[in-house]
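Going in written order, the chains are labelled A, B, C, D and E, and every chain counts its residues from 1.
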Amino acid sequence: GSKSSDGDVESASAGAASCVDTSGDTIKLGFLNSTSGAMAISEQTVRDSLLLAAEEINADGGILGKQIEPVEEDGASDPAVFAEKIGKLLTSDCVAAVFGGWTSASRKAMLPVVEGANGLLYYPVQYEGLEASKNIYYTGATTNQQIIPAMDFLASKGVKTLFLAGSDYVFPRTANKIIKQYAEELGIEIVGEEYVPLDSDDWSTQVAKIVAAKPDFVFNTINGSSNVGFIKAYYEQGLGPDSSPIISVSIAEEEAPAMGKDVTGQFAAWNYFQSVDSPDNAAFIKAFQAKYGADRPTSDPMEAAYTSLYLYKNTVEKAKSFDVEDVNDASDGVSFDAPEGTVTINGENHHIAKTGLIGQINSDNQFDVVWSSEEPIEPDPFLESYDWWDSSAE
Amino acid sequence: MTTRGMDYLEVQGLIVDFDGFKAVDDVDLTLIEGELHFLIGPNGAGKTTLVDALTGLVRGGGLARYDGHDLLAMKSHQIVRVGVGRTFQTATVFEHLSVLQNLDIAGGVHRSAWRLALPRRGVTESVEQALDTIGLSELRHRPAGVLAHGQKQWLEIGMLLVQDAKVMLLDEPVAGMSAEEREETGALLKRIGAERTIVVIEHDMEFVRQFADKVTVMHAGKVLTSGTVVEIQADARVQEVYLGRTADAVNADPVAVAAEAAGEEA
Amino acid sequence: MLELRGVSVGYGRTTVVHDVDLVVSPGASVAVMGHNGAGKTTLLRAAVGLLPVKHGTILLDGVDVTKTRPNQRVRRGLGYVPQGQLCFPQLTTMENLQLVADRRPSGRRLIDDVLDTFPALRGLLSRRAGLLSGGQRQQLAIARTLLTEPRMLILDEPTEGIQPNVVADIEAVISGLTARGDLSVLLVEQHVGFALRVTDRYYVLESGRVTSSGDGGPDAVGDVRAAMAV
Amino acid sequence: MSGKQRTAGTAALFRTWGGLAGIALLALALLLVAPAALSDFRLGNLGKYCCWAIAAVGIGLAWGRGGMLVLGQGVFFGLGGYAMAMHLKLSAAGPGNVPDFMALYGDGTMPVWWEPFRSGAFTLLVIVLLPAAVAAVLGFAIFKRRVRGSYFAILNQALAVAFATLLVATINETGGFNGLNSFSTFFGYNLYDPVNKRMLYMIVAALLIACLVIVWHLNRSRFGELLVATRDAEERVRFLGYDPANIKLVAYVVAAIMASIGGAMFAPIAGIISPSDVGASASIMLIAGVALGGRASLLGPALGALAVGYGQSALSESFPNQWTYFQGALFIVVILFLPAGLASVLPRLWAAIPQRGVARKEGSA
Amino acid sequence: MDAFTTPLLTGTSTGAILLLAALGLTLTFGQMGVINMAHGEFLMAGAYTTYLTQQVVTNTDVSILLAIPVAFVVAGLLGVALEGGIIQWMYKRPLDTLLVTVGVSMVLQQLAKDLFGAQGDPVHEPSWLDGSIDVFGYNWPYTRIFTIVLALIALAGLSALLRYTSFGRQIRATVQNRDLAETMGISTRRVDRITFFVGSGLAGIGGVAISLSSGTNPTLGSTYIIPAFLVVVAGGLGQLKGTVIAAFLIGVLTAYLTDWFSGSIAQVITFALIVVFLQIRPQGLFTVRTRGLA
């Protein structure tokens, strides 16, 4: 083996030669989502909208005139599998870019691989921020586009006490770390903080604590089916939107009707709702439902995934090249009239500017937008422009 | 040096109590080397339980001393290591190992732990001898699991031979054997018994008569009596609880007795 | 009653019992003798249905039962006492008996009857069978089988491990039952004397083959000993 | 009769040296053929399967030979994996620095017990000794109290669940659900350099071969026979003068160390170790390979683990949406129809040929 | 309401769910020795049956009651299919049933995903379960009470079956020695099938209760399977009494630990405590001893 004296990663990755074949009239793109395991619940919907976008783009002449040839892989809800599969897509299938990932764990697992191979990953889900890689484009929200707007909304409603309930993993923990610091800034008191394992349904003990604390609001960072157990316990123990309403960051149009409780009146913070009123969104919903069925709702991560493929197309066409360096050089300012509104890539941190929205669930399980950030919020993954933020505080 | 030839197993006031039920109740026994000692008594008298207590399978109170060791305070495997071995009323051998392997691992008591890490090379003399003695030489590569009932019982005895157990507690070793096989086994026990302390539990009085040097009769957990076969057979109490008043009659004129019994039944 | 025609049985690829013909006529009793490993148990297990036969036919009351499961043969009147003092160790003695008696209309009375036959069991009714002594278990095994009120009783070394006076009792029971003429018996036994006293026909099995057979009775003891000595 | 003995003798000979020959063949395939034939990416994948195979070899010993259904080997796989990953993480952070995730999710201070892992030697020691110690303590308690069979299996499985849950819950200490990743060097060697990746592969393949040789030796030793005896009639072993708990303990500890070594190599090769590599389902997948290959055979567990690893990659590539069915069907079909694994099928075909040879010789003699 | 009583009450209802999940296992695992890892998927089947029943009978007041027997039968039939298709060949190697049924569980989970979609489907409470009563100042939701009552009814039914019918003896006899049972005239095939039907059916009832508190989803089974097995193990194999005590103890214990630490740590500590407990009582709370080398 060859021993490097300083263990410098960058120098090695820069040398990795690309094997992407751009000579033909197709271009291979990797779609890497979990179609098995616990996360398949959510990630399948992302796969669906990626395929829709690819179909539309192909029908429209492709990217730089080349038809997209999707290479589908299953991440199996296992970070190590994500790491293996993205390696395979980039170095064996030689795809020009990979679209996918959901959990932060899967993204963290893919990060060193995509950097090592000097490839591209488009990641479509809201996440905990504090990250930027030149090989990743983040088309979901970072914290200052979802968590902070949600807090602003709460402050605007005069909330004084807040209870934090989350799944026990990185996103909720980090989100709550931010929430706690910002709450102090806003003068909101945190009256409880509870976590439950991702696969646990039993929230009864924790909800009892909410009942005892009587918070003005509950900030819900629970992920996946654990939400159902939480919501059921919450209503069973006599809580409701009138007493301690919930604001969630991972309950969307798909999840709301699956709670088995009438969740009308509860809130969620996203950057997109199916109810967003715009011609672009109407077209998106129409195309999606034509392909997958009229009963299928659309949601934020699906929209972000759909948008990510278009952003890629626009960037490549601006760069007139599939080469990673060229794409990166061209990315700043590339925009797309997405269903959520016009979004623009920040070439600095590879996130996109997004409008913060708060929706309130109505009786059709759709979200009525009750608050909006007025204009797209520039992404700030490291919260550098927020002087209350101290990453080293516990 | 002086102990050779004078080895004995001393049992005093042995009690085995199962939640108030005394399966063995204050038993005294002295088992001397070179004597073929038989233990008989009705079903449930406590014979097996006695052996269980001496080999650490059930907890017993009282005293059981062999070669300076208090057997009742030891674990099963430690008891084996001081030279006390046993067989089981229902033969238990290692079904997936061959006859040879069964015998070989039985010799393990005399090997250091390190030698365990080494493979077996060839067949040791004691194993070869045991194979010969128990007549399973030809079946040495058979998995023990496919042996017939009686063959397994022999294999168990063979394992004790390889273990070089100085005290052998044999629980009905000839049950299920044919007459000649019993005889062979009896002769075998006589031969190996010369320099060992052997206790045999048995119900076959014919066999007892043929081979016993000394007989102890147990009843309801206690020692009923002890003595030679003749003394025992003459003992009215033994006839009462074990042999049956008609025992001799059965042997004399079985058909008549059977008919009589059948008559009672009908 | 029971008829084996050209029956061969084995384990896996090895055949242990070869081409055995054996008949137990109604009311008759038959002994099978042979050395350790001769294949006696194997033969009985096949007759009961616990082992599939490789060749041959088994008839019970003239009906071909070669392919039927043991419990169906039992319902047709077969009773089996296996070798090795088998019982249901976690059930109490009483439960072992009830298990069978429950399914008979006069179960209670039947239990009383067998307890009269094996009085030693009375004091053990609430003890788990797994805790019984070997001989106690064997008595229980026989008692339990008698509860099925078999018309064809198959016993594999029933006296093994049983105290002499109870052996005499068992002998009396078997003789008594056969004397009534409504029970056939197929007995495997090492005690030649005992076996020939309670049966009227014997077979000698050597290495899985019938090498001789003849009429039972005390006179046959010599013949059997001679046949087995070969 | 002597013919039969001879057959048995040759069979024994074949069992002994056939095993070694098999290991030699596998060594040839893994160390010479594979590096020449496979792309960097595929070789890396094969390396990952080798990590599982190392753990599987230990499972073969504990389960196949010892009858202990070790359903929680993920725990030991994880101990080795996390120990190694901690070292790699600290190497990536550089001297005096704290791993990146601690600064992100926590307050940027490092728990003291991380500190010694800066030392490579200490880490290697931990990889071997920690699982050995944990297995010894756990095993001692469990085996001495005669917990076995389904109790043992379920308990093990619960341990794997608890271990994974604990990892998930300790975000600041172990990276939580994300696990540990983003390593840069392996004992000074740049992990992104393809040459070094191949070197890593060669190391893991050699370790696998070494573990196989160890188990080959253990199986033919008297210990191996005792282990089988313990599996078949544990209580009876006491009356040979052994405490079966000790025999089982040795096998359990050896299996734990092997799982740990597999995990330790997994971290740099896969580039990540996370709770989902050590939890209940990961542990079960380790068992799956062993079952497929043949639990009681020498090469079966290793080959089975390689096959399951490959199958997982290949099937999920070809049938990304249906491959869970294959996975499930694999368990059902193998356990139901091939309880002794593929290892029981091949020798049966194989044995058919030499046996005829012997029979003929016998006839002519 | 205070910090002491709250976990006691929530723990009791958690214990009731654990008991429902574990009751069937006392039959299939405790009595028959089959380690059915697909038992969790039978719970899931019960939950989906509740959902489907509500689709057919839209009046939730009725449908939930209807769902109980239907779920019992549906899960029971799944169990019979599993027994007939696979398990019946494996009674001689009980440990292997664990692995086979892991495969079955994978297939059933994927099947549920393909049939019902990956997203869970909602189950709605009937109006008569809406609301709560006041116990020691704590709101005790009717759904929780319903769960506890359901668990107790299932328990009563099962113990009556085992105690007052000869069927209980037949199950135990069959497990202890199949050949012997067969020669006692017991149709072991029939006993196996019925036992599996009832054991799996109980999981179906458990599924109804679970669907009320956490809806349906394809991975629902894997959440409960290991805790359920631990309950049976801690209670003592085949000991109904032990299972009941273990279920409620574990439920309450977890609730207190959750209250004091966090959900995750509570899970870890509970598992650890069970391991320690089995050091003290290796055969569980209640044990049956045998002698000799058995």
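Observations on the model:
Throughout what follows, contacts are C-beta pairs under 8 Å (C-beta built on N, C-alpha and C of every residue); 3 or more make two chains touch, one makes a residue touch a chain.
Note that the structure is a prediction, hence the values are computed from the model and not measured.
Note: the chain lying farthest from subunit B is A, by mean C-alpha position. Between A-E and A-D, more C-beta contact pairs join the chains of A-D. Per-chain CA centroids place subunit C at a distance of 42 Å from subunit E. Inter-chain spacing, taken between the CA centroids of subunit B and subunit E, is 48 Å. Subunit A and subunit B, compared by their mean Cα positions, are separated by 76 Å. Among the residues of subunit D, those in touch with two or more other chains are 165, 168-169, 233, 236, 324.
Annotation for subunit C: residues touching 2 or more other chains are 131. Within subunit A, residues 36, 168, 195, 197 each touch two or more of the remaining chains.
For subunit D in complex with subunit E, the residues that touch the partner chain are 69, 71, 141-142, 145-147, 149-151, 153-155, 157-159, 161-162, 165-166, 168-169, 233, 235-236, 280, 284, 287-288, 291, 322, 324-325, 327-332, 335-336, 339.
Only residues 18, 41-45, 47-49, 89-90, 146-151, 172, 175-181, 203-205, 242-244, 246-247, 250, 254-255, 257-266 of subunit B touch subunit C when the two sit together in their complex. Residues of subunit B that touch subunit D in their complex: 55-56, 75-78, 80-81, 85-86, 88, 92-97, 101-102, 104-106, 108-109, 111, 115-120, 138, 140-141, 159, 163.
Residue ranges of subunit A in contact with subunit E, taken from their complex: 36, 38, 40-42, 44, 168, 194-197, 199-202, 204-206, 208-209, 211-212, 225, 228-229, 232-233, 236-238, 254-255, 257-261.
Across the complex, subunit D is touched by residues 29, 33, 35, 86, 89-90, 93-96, 98-100, 102-107, 109-110, 226, 229-230, 233, 237, 262, 264-265, 267-268, 271-272, 274-275, 278-279, 282, 293 of subunit E.
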